[in-house]
Amino acid sequence: MNATFRFFSRLEGPQTLGRGPLFWLGFLVVLAGACAYPLFSDGYTVGNTVYFFTWVFMALGLSLIWGYGGALSFGQTAFFGIAGYSYGVLTINFGAAYGFTLVALVLAVLFAALFAVLLGYFLYFGRISGVFLGIVTLSVTLVLERFMAQTAGPEWHIGKARLNGFNGMSAMPPLTLPWPGGDLVLFPDVELYYVVLALMVVVYLGLRILVNSPFGNVLVAIRENPERAEMLGYDIRKYQLGAFVIGAMLAGLSGVLYTSWGQYITPSSMGMTAAALPIVWVAVGGRSDLTTTLVGTLVVLSVFQALTIHGSQYALVVMGVLLVLTVLLAPQGLAFAFARLIARPFRSRKTGDV
Amino acid sequence: MRKEVLLSTLGLRAGYGGKPVLQGLDIEVRESEIVAVIGRNGVGKSTLMKSLIGLIPATQGSIVYQGKAVERLAAHRRARLGLGYVPQGRDVFPRLTVGENIAVGGMRAGGVSEADRERVLSYFPILRERWNQRAGTMSGGQQQQLAIGRVLVANPSLILLDEPSEGIQPNIVQDIARIMVELNRATGTTIVLVEQNIDMIRAMAQRCYVLDKGRIVAELERDALADGEAMRRHLAV
Amino acid sequence: MAILETRALNKRFGGLHVTNNVDLALEPGEVHCLIGPNGAGKSTLFRLVLGEHLPSSGQILFDGEDITAFKPFQRIRRGMSVKFQVPGIFKALSVRQNLEIAMQHHYEPAHLVAEIGRLLDFLKLAPDADRLAGNLSHGQKQWLEIGMAVSLKPKLLLLDEPTAGMSPEETHATGEMVQRLNADGMTVLAVEHDMAFVRQVAQKVTVLHLGQVFAQGTVDEIVADERVAAIYLGQVAETAHA
Amino acid sequence: ADPIKLGVLEDQSGDFAAATIGKVHAIQLAAEEINKAGGIDGRPLELVIYDTQSDNTRYQEFMRRVLQRDKVDAVFAGFSSASREAYRPIVDQLDGFAFYNNQYEGGVCDAHMIVTGAVPEQQFSTLIPWMMEKYGKKVYTLAADYNFGQISAEWVRNIVKEHGGEMVGEDFIPLGVSQFSQNIQNIQKAKPDFVVTLLVGTAQASYYEQAAAANVGLPMASSVNVGQGYEHKRFKPPSLKDMYVTTNYIEEVDSPQSKAFYDKFKAKFPNEPYVNQEAENSYLAVYLYKQMVERAKSTKREDIRKVIAQGDVCMDAPEGKVCIDPKSQHMSHTIYLAHVNADHSIDFPKVWQDIKPYWLGEAGCDLTKSNPNAQYTPSNPPPKP
Amino acid sequence: MDVGTLAFSALYQFGDAFAFLVLSACGLAVIFGMMGVINLAHGEFIMCGAYVTVSAAHAGLPLPLAILLGALVAALVGALVEIVVIRHLYERPLDTIVATWGLSLIATQGTLILLGSTMAGVGTPFGSFQVGGYSYSLYRVVLFVAALVVLAALYALFNWTRFGVMARATIQVPHMAAALGVDTRRVYTLTFALGAGLAGLAGGLYAPTMTLVPTMGTTFIMEAFVTVVVGGADVFLGTAPAAAVLAVVKATMTSLYGQLFGQIGLLLAVIIVIRVLPRGLSGFLLRERA
């Protein structure tokens, strides 16, 4: 009991919206709903929901880097792409047997992390900040896109895996779970749904603990006033780098899940439009909180998809209008505006007296 | 004989996003007067100054300047009517040069005349010396001098001074007090002064409001100001 | 051995020689005030000591160690802390969180909450603990920043105009706080223009002028120095709170 | 009777919209005609249309949607090859049946796919020898720097060599680039007899205007421009003067079938800026599908493929006669050589009948025997058995 | 080939790249440098200028006037956008990324719906000239001159006029500028309109040489951002040298290794410049200025 309490108390703090028994009760209800829902739904809806879920990791990572750390990374898609391609190259070369796809997933995320360490070191130890950071990260992802787009020729291959240029790489196996009596192939259906849902819950709770820890405190401090944070004795570059790498790994996780979901990865996943989308999700949801980011991302993804399905040629116009209105009318993000209305009984975070 | 009222507030209330700070303030500033406003930290002195110049809206009450209700006017309109404002914390334009900062100060009057510029530079010689230095790289006290000079070039008829002595070396504090008094005598410029520095208040002010928790709790006339002990008591309310 | 020592320290900005061959030594346990005209180079000297600026030449020693090339956070970890001239706080965070961030690595988690509470009382900010720091009045921000600096329990506390914008009363209280910290063994280096404060706390005073050490001595010696009066204090400097 | 459902995934907005809105309209036109005439075997044709917004991820989302939720019988999908590659794994995974009604770089050997567009061997084996004969043997290629451009350039290179010509230059242009001063100079320096322009997308089409402004004055040959992006209508004459294009259809084709098709199209969609070859490919694909379903008496892919295997699935399309090749499930086409005059009017110096999509079959793709779900290129051919 | 021909062609390629970088960037630079707003709808203002220019030319207006009209209309649209949307976001500049991205969606798709997927061009004026066996488009030279004129005019405007000083003051400490009598709202509106108008001018100038489609603005975006960033915070000091440096990089890489490397070279140049000079070229130029 006491241990449970301590566990929950580490999940809470001034850095996250929602606390107290009521909030967690609500959380469990939502989780139970999410677990039960495939039983009442069809394959398409489940597969489509998994598709939405795959993007959430990248959004949460950006929330950590940008919302908490104050550094706008415009290049999360670079890590997404690197991990996606890595997964493709690894599994095309080594197959899917013996649960190798899971090894490939881990390795791919590690590649993204490694790249983030290099890039992050270059950025933060070079004291690049503000919009310059955004533009450098954007440039990096655009370089990757341009480069990958022209790898159509036969000379561009890693082992058996052709990079295949702008058309994108396909034919990699989906994720598999080793299972007694034959591996479980995770096609975009119920099995994959539960795996990704579990991952999402773990990542969400893990990030909550992280941002409410002393590490999270320092991260927020750096966002507010880096000079002061340094003058309190913190090596701010290490904290920023830490957040950047974690955010990159989450983007990488999204990349692997996406690649496995559609058995396809393309340079456009690293292009300008793709790079702008995570920023939109996170900003619309409310970047300075994990929960709002998560909810906001899912809302934006489903609203935009629904609009595209039903809105015909006006879909993009309506999307644009919605974005502008959201920014104007819900300055802290849509989810935050809703949360403020709904979460009152949950004793929302104290935001002072503004 | 009393001069005409230049600026007055009636039941002035103002605050920050729903949080009231000024709780119905009545003050009167007469032409060519130097009035001080004193009070502890956080009682609302700067809030009063900001609402007078128009940087925060009055939620209730009126502000009358030269017989005209100005509480609905935007800050730049009030400035153009002759209000000058030296904020607490200087707020110079950091990436403009000293000269450009001065130029912005003269904007409301349509430009800085040679004579005005020379007058201000004679008050604060360091500004001439550093004419092309970026204001953000000036020392704290130098910035404060710039903030004051920037307002003086436009010859405002009423100056709102929020803690002008802050960060200034003692002998220049005395200079500033002297300059202000001279200016007041020579041109009839009216001054509202928020200060913690008793010497400066005594050197300048003819009258003084004591503020506490957003209300005027006392009004001291000239002779009361002479009593240092009483002053200190009020500042410590 | 001096706790802080600068040797032939120089800093130039373009053609401007802002710190000119400064040799300064601080004895452990002293309260040392640095005064001098606006633009004399006091804040710059602070920034050099803290590593915000790198010197054009010269050396800085802290506790016998050469820290000239250290990063700011490394210096802080060796036992300095600072309150800047312009208040540096975390504006969008609550007052309590500001202190928590400062203190979290200096206190056991179990004691942290209580310690924060004590400091809040001490700073008279308890009623404002859950407000955003950016919404405090100017003076309150000063207090908060002093509190953050002090909470690091530094060996050397650097204060740049700690009482700017404070009423005489509060200035006095700040002086008392400095004296108390000093009594517990903390060395303090303060830049101040408020001579009442200097008189209250300083055991030694250094006057900086045009980037150079211009005079040094006790408060009385400095106040009596006509050269200092001429460049800095003016004639009637000292009547009010003597 | 139950309707037959046809999914339509085409870009009606975004970068490619200019070339693809007409594809949707062509499908609507065909469906309307078929339904008026009693449907397919008495079953009405129902279209499920989504706008893929020139975005690969939308193809992935909507391909799942049409196959799983809307349960369509077949899907007509895709303009860019990248979008085709994005949805193809999903079609394979969900065992769907998709028509790619677009000219492309060739090589898709996938039993779940039928391709009605033209491929390089059809367009270049005709175009390049003709150009070399008329203008000379020195050739310069300016191509989009991605699969389509690179593979097409490879075809050009091979054919030029076979015919004893010489490549005097090759420039590859990243998609989205719109400034060509350096390339224009490179071309002038190499002094080719003609330039093969394989430029894709609206931005790259700016080349023509810029080359004309610099007075390059060389004849041009293309498999993709004019037929797809109707550049001769968009740019002011004479910037496309002496451009030669092999295409299986454009609205200027002067035959009774073509006229009839064009008139029907314009009657239904009077604002259509141009009826391009992809519109015709899409239109004929609907009729082809009708014929196959009626012959198979089923909409199941396996039944339809049995009909294809008979090797006689042919029809009279607006361009002329076309047939499906059972090995590759690609189409034979009538190839028109369109020539752009100084005033941007078009004439057709040459027409080739019944050009087969021979390469895949010769290289070893045989869908009647096995299904590799792969895409091959001349430098990456199918593994020899 | 003789040295003169070679030199001229190198110069021409440089000038061509320079003009494209400057004209793409200056509208963005004004809005970003002055207001801190990252305008992702920059390309759509360019498109607006191009569309208006071409429509006006089709309607019979002489091309130079049509171009000016394009710039003017873009400026008016910019003013409107500022008043309706941007004005409310100055406190949170990063949110303008989302808002302007939304605006760009509205603009591109709205144009597609209203005006169709393409528009017919007007053709490039002035013809060509010959230097040492190569023929060049004279209009590209005009573009280069236009870029120089725009740079000079901007520099003069912001450094030598009241408006310039007012605008820079407003951007830095808006409340203080207001308290000193500056009508900050008007300054913001005018500045944004100026940026939009410059984008429109770029669109108008390039319209005769390009495909006219609703998404045409995107082809300017990368060059625009790269130039602004390499230039650094002070746009008037930074844009010209940044465009010059980048034009050399781009022209050289393109001529040696082709367009792909021209583009990748540009992007790598950004990364390297920012690493070496974290505050851009203007930060570097200003570093020692007391």
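Letters A, B, C, D and E mark the chains as written, and numbering starts fresh at 1 in each.
Criterion: a contact is a pair of C-beta atoms (placed from the backbone, for glycine too) under 8 Å apart; a residue touches a chain by one contact, two chains touch by 3 or more.
Which chain is which protein? Per UniProt: A = ABC transporter permease; B, C = ABC transporter ATP-binding protein; E = Branched-chain amino acid ABC transporter permease.
Here the structure is a predicted model, which is why all the values come from computation and not from measurement.
Looking at subunit A (ABC transporter permease) and subunit B, the chains that touch each of them are C, E. Using the mean of the Cα atoms as each chain's centre, the chain most removed from subunit B is D.
We define each chain's centre as the mean of its Cα atoms; on that basis subunit B and subunit D are separated by 75 Å. Remark: subunit A (ABC transporter permease) and subunit C have CA centroids separated by 44 Å (rounded to whole angstrom).
Subunit A (ABC transporter permease) and subunit E have Cα centroids separated by 33 Å. Spacing of subunit B relative to subunit C, judged by their CA centroids, is 28 angstrom. Under the contact definition stated at the top, the residues of subunit D that touch 2 or more other chains are 13, 145, 172, 174.
Contact with two or more other chains is made by residues 13, 135 of subunit C.
Chain contacts: subunit E has residues 109, 112, 218, 260, 263, 289-290 touching two or more partner chains. Touching subunit A (ABC transporter permease) in their complex are the following residues of subunit D: 12-13, 50-51, 53, 55-58, 60-62, 64-65, 68-69, 81-82, 84-86, 88-90, 93, 145-147, 150-151, 172, 174-175, 373-375, 377, 379-380. Looking at the complex, you find that subunit B touches subunit E at residues 53-55, 74-76, 79-80, 85, 87, 91-96, 100-101, 103-105, 107-109, 111, 130, 132-134, 137, 150-151, 154. Per the touch definition, subunit E reaches subunit A (ABC transporter permease) in the complex via residues 32, 38, 40, 85, 88-89, 92, 94-99, 101-110, 112-113, 218, 221-222, 225-226, 229, 260, 263-264, 267-268, 270-271, 274-275, 278-280. Across the complex, subunit A (ABC transporter permease) meets subunit C through its residues 14, 214, 217-218, 220-221, 224-225, 227-236, 350-354. Partner subunit A (ABC transporter permease) is touched in their complex by these residues of subunit C: 50, 52, 71-74, 76-77, 81-82, 84, 88-94, 97, 100-102, 104-105, 130-132, 135, 148, 152.
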